[in-house]
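Some structures are shown below for you to check.
Shared chain: subunit A. Partners: subunit B in the first complex, subunit C in the second.
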Partner chain A sequence: MSEESKETANEDILEKLRRRNAAQGASNTQRSEVRQRFLAFRLDQEWFGLEVQQVKEISRLDNVTRVPLTPEYVMGITNLRGNITAVIDIRGVLGIEYQALTAQARIIVAGVQGLEAGIIAEQVKEVVEVVKSQIEPPLLTLGHERGKYSSGVVQQANRMLVILNLNSILADLKI
Partner chain B sequence: MLDFRLKNTEAIAEVIQLVLVEIGKTTLAVRASNVKRLQQINLNELELPNRGIHPALSAYVYSNDLPIFDLGQLLGLGSTNYQAESQLLIIEQANRRAGFLVDQAQEVVQVELDELDLLPELVERSRLRPAAWALWRKSTKDIIILIEPTECFTIEEWQIVINKGSR
Partner chain C sequence: MEYNLDVTAEELKIFLDEAEEQIQRLNEGLLALEKNTDNKLLQDIFRAAHTIKGGAATLGRVRMTRLAHALETALNRLRNGELHPEPRLIDLMLQATDGLNELCHELAGQEIGDLELDPLRVMLENFVSSQPLVSETAPTPNTLIPLASHLLPLTSQEQIEAQTALNAGLTFYQINATLAPDAFLPAARLLQLYFALLPLGHILKSNPTIEQIEQEEAGTTLTLIYTSGSSTTEIEAVLEVATDVKQWQLDRFDPAGLFNLPLVETVVSTEVNPLLSQSTESLALSSSSHDEIQEATQDVKATAAAAANSAEGKTIRVNVAQLDRIMNLIGELVVNRTSLTHIAKKLEDSGEKSNLVGELNETLNYLSRITDDLQENMLKTRMTPIENMFRRMPRLVRDLARQMGKEVDFILEGEQTELDRSIIEEISDPLIHLLRNAVDHGLESSVAREEAGKSRIGHIKLSALHQDGAVFIQVEDDGRGISPAKVRQKALDKGLITSEAAARLTPEEVLNLIFLPGFSTATTVTEVSGRGVGMDIVRTNVTRIGGTLELETVEGQGSRFIMRLPLTLAIIQALLVTVQGTHYAIPLGSVTETLRVSSSDIQTVEGVPLVRVRGKFLPLLTLEKALGFSPDPKSADLNTTLDYTIFNEEYDPFERQFLSGYDKLFPVVAVRFDRFQVGLVVDGFLGEQEVVIKPLGWYVGEIPGLAGAMIEGDGRIALIIDIPSLLRATLRGDQAQLRASLSSLVNNNL
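For the complex of A and B:
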């Protein structure tokens, strides 16, 4: 075997190795993207999900100070260990019927793009992990408000989880 | 009628005085420097409520010079209870005066500016009118909203003050 053909053969091997590494890198990236985690919470009889990365903390609903002359969705403000946080009730925004809040109610402090708010949940259940391919586009049957503020839905065995587009909700509310 | 004038001892820079007022279960703070007078009012002397003129306008006193508004109603907190011990905040701005009925004026407190804070951005941007303008961290849990009563007014309500509230 000539010296030239040996070099060519080595190049072939190196090229194969490069391709393999590139493919593995892409595969690793895909693997990290395929699963997403959502905090599942309930409003009335419906379940919603917020991306776990957007959630900063979950707190009991107490000591919320009402702010006069603010829209209905502004429930007030609260002091969470020194952080003054706006508490918002998105039920009206999503077209969900108001139920009296019980001891199960929580404030989910979540933020995106520098804007943060405490979102009222009637119940916070769990963190669910779903494969990205399970997330379907928002259903037309969700209705205008829910469709507008959701980025997808996940059909689970016993419920449908509507993934909320927090960015879109907070951007609309601050206007 | 009990009548007293608040001493304006508010320092220029680092502290402000706040009058804490109660409307229903809500406690709010008004800058003492804006309060011309705080007085207990005998509601029997007023024809309350005088809703025919304006929903939030309760009555006129002092020969119709002073329009009196129900602060609870202006702020969307429900009407003042009209108890015998109801109190009247008289606020003067740009030579116009208006009275605001509250359930009770609790106390006057001196607060350092360090204890005050801005409203959260989302709340500030969504206000219907800029009546709430800051907050006081009274304790680790309690927050008192600072309000500017004249900022509650709609144009129509301002018109009443302009027409009737001249000094």
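For the complex of A and C:
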């Protein structure tokens, strides 16, 4: 995979997201209910959401260099435009079975306050808009770890979206 | 009590930067003064004290102003030959300099320690005033006359003018001229004389004053304090031809009398000088600290501006973070340039026939040259002379020597040697430690030295030298040297080695024991050194930045510690190797050789594969294992469908192949750290390369065994190995077998 096409692919996805955000943001102000937008991505059969504001970039999974003496969930480090960025695979942490990563796999670069990391997604689908009041607290049945790293769940037409708490993921899983 | 003057943060910073330099100059100057009194030197440090005083006054720092004033007074008397630079005085003046430094820290908003500044100042003042005048016992060749008392006292403005003249190295004269009694228009004659003298110098004070002459309130005599750079003959010529001057006298005088006038009241009361307004003058002087503050300000601002102007165009101060950012950007540029080259290559390979391909390649060549040049120049900007760090050392050595009651002649060499500034920061502490050791343990007492037939004064030399792409820093003393026998005994006593091992050690190997943790040759713990943290920390610090530390010593004649340092930390020469598709960079400084080892040459001792290289056993370890990759591949089948390899299920092919007895040549990189040597088995060598070190990122932080990462030309990341920490981690880690074999290796070889 050349640098060039990788960049283009990223730019395309990001650009689409931005446009959609802008459109939704415009309509958002006219509604009384507070809405939030999440980037929906898939791990195994489940869907997770990250707050769109926290997502900086979506990148193809390319040339991750593994780093010794790091926990299992640290896949390694990769070069994102000259920045060395950690790539973490939260599947193990969330108790999700490992599936072989395919060409659909992406790195979602997300972060808070300038501290960013790449999170492995088996597939990145779309940005979904959710009415805030529809977000329910994390299910107790999710188990300890999953409860810790999610801030809520939203039932959608055909799936359940688990909203991830990026703050606690980055803070807790930092080496 | 401090005044709160309106000072911007920028002005404050300028003052602090300036003060730091002046304080350094004072420190150096005072130390040099102890060795020989040189007028130029005195002038220089006097000016330093004066500049600080002026600056402090500008900022309304009363304590700092007073302390600097006391120092200035002492220096002035030294300059006038009224005091000797004896150790006690130098001590006091150094302490005053420390005090100034502390006050600067306070000004910068830092906490400062309990420093009794007022008593210190008083001590210095008392010392200075209690000393008999040296000039009385040792008259200077030019006889200086005492100043006519009716010219005194000077106003603070005049004192400053006098000071300026003194600083400029002008000669002070007193001129007495008397007109003929029948002179026509005496006031006009006096005025003529007054103006005739102006082209040759400056009239600091005149009696009567110019105003009085102009208003014809003058008699027939004129007395002047005159400063001039012209020769006495020239001035005499002017006086000689002055109209109607019947009698004149030109005398040099000692300007010291102009400054030390704390007792204004007595001076004024004993002098009858109707022409001076007694009340205003004494008022001016009694509030002199305040006035001085105001007036010295002008003086100093002008000096500072002049200094700033002269420095401009040569150097500017740049924030280091800024340099680092530029450095990173250049790294990016290089990476992108390589990407472009790849694209051009692809275009060419695709059979593209356009002229544009050729043009692209041409431009790329040009771009390559520019980026290389840019990178090289950027690296140079990070280099600074080691001088700034070296300059702190004479003071340290002197204080230690005084504390230990030893006499030391400290020599600095090669201060201009340039090093990456981050390296300079790193070696400051190790160097201080080595110097402390040299003064404390290295040098004998003066008595012991004489008994041993050596010069009474011990010599310590700190030198820096640029050679073979590295910088050598040496700390040398001509002291007692280090006795291998004592070191051996000590190591045995401390249980650092077994007696069998000790018996086998060569003297050189014994000396190396001082670098072991917990070793300290001092039999008693002193305040200066020997607190248990010793040479091992020094060596570790030096090794961490890619340097080495060696010791040479001859018993009874002295010791020499030789530090070999890389020129820069940002870029290193490294050997690139590949393991499991991942690239690693091993700093060349740690590599002793590369070999290809046949599996039939490998023996297993206590479960550890070893190979014999020139009679010595080299334990082998796969790089992956040394790095601590767990044998279970993470996320097992993670990327079986991807077209690149991130992980390989087949862990450690070396072991597998080695155990299978299949004859194969294994690429091995022999690396060394301290006394340990290990052969790291890799999959292949990729060659040597200059490598820009980047941190692993906030998330990963520091990993034992890794110095950082580098971005390769194709954008991939290679890990940079840190051999010292890798081997240390291996030795401490759970690889018990290897550890066992390594320690046995040490015992065998040492």
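Simple rule for what comes next: the second predicted complex is superposed on the first by the 139 of 175 C-alpha atoms of A that agree within 3 Å, B and C clash if a C-alpha of one lies under 4 Å from a C-alpha of the other, contacts with A are read in each partner's own complex, and residues count from 1 in each chain.
The working rule: a residue touches a chain if its C-beta (ideal position, glycine included) is under 8 Å from a C-beta of that chain, and two chains touch if they have at least 3 such contacts.
Predicted model only: the values in this text are computed from it and were never measured.
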{"item": "When subunit B and subunit C are modelled together on subunit A, clash or fit", "value": "clash"}
{"item": "Which superposed partner A:162 touches (first subunit B, second subunit C, both, neither)", "value": "neither"}
{"item": "Partner touching more residues of subunit A, whether subunit B or subunit C", "value": "C"}
{"item": "First (subunit B), second (subunit C), both or neither touched by A:130", "value": "neither"}
{"item": "Which superposed partner A:98 touches (first subunit B, second subunit C, both, neither)", "value": "second"}
{"item": "First (subunit B), second (subunit C), both or neither touched by A:61", "value": "second"}
{"item": "First (subunit B), second (subunit C), both or neither touched by A:89", "value": "second"}
{"item": "Touching partner for A:77 - first (subunit B), second (subunit C), both, neither", "value": "both"}
{"item": "First (subunit B), second (subunit C), both or neither touched by A:69", "value": "both"}
{"item": "First (subunit B), second (subunit C), both or neither touched by A:115", "value": "both"}
{"item": "Segment of subunit C intruding into subunit B (one of 5-13, 275-283, 437-445 or 725-733)", "value": "725-733"}
{"item": "On subunit A, positions contacted by subunit B and by subunit C", "value": "63, 65-70, 74, 77-79, 82, 84-86, 88, 115, 117, 170, 174-175"}
{"item": "Touching residues on subunit C, where the partner in the complex is subunit A", "value": "328, 331-332, 335, 339, 342-343, 346, 582, 624, 627-629, 634-642, 644, 646-647, 694-701, 703-706, 709, 711, 715-719"}
{"item": "Touching residues (chain side subunit A, partner subunit C) in the complex", "value": "2-4, 61-70, 72, 74-79, 81-86, 88-89, 91-92, 98, 100-103, 115, 117, 170, 174-175"}
{"item": "Residues of subunit B touching subunit A in the complex", "value": "26, 28, 75-77, 117, 119-123, 125-129, 131-132, 135, 137, 140-145, 147, 152"}
{"item": "Partner subunit B, residues of subunit A touching it in the complex", "value": "63, 65-71, 73-74, 77-79, 82, 84-86, 88, 115-117, 170, 173-175"}
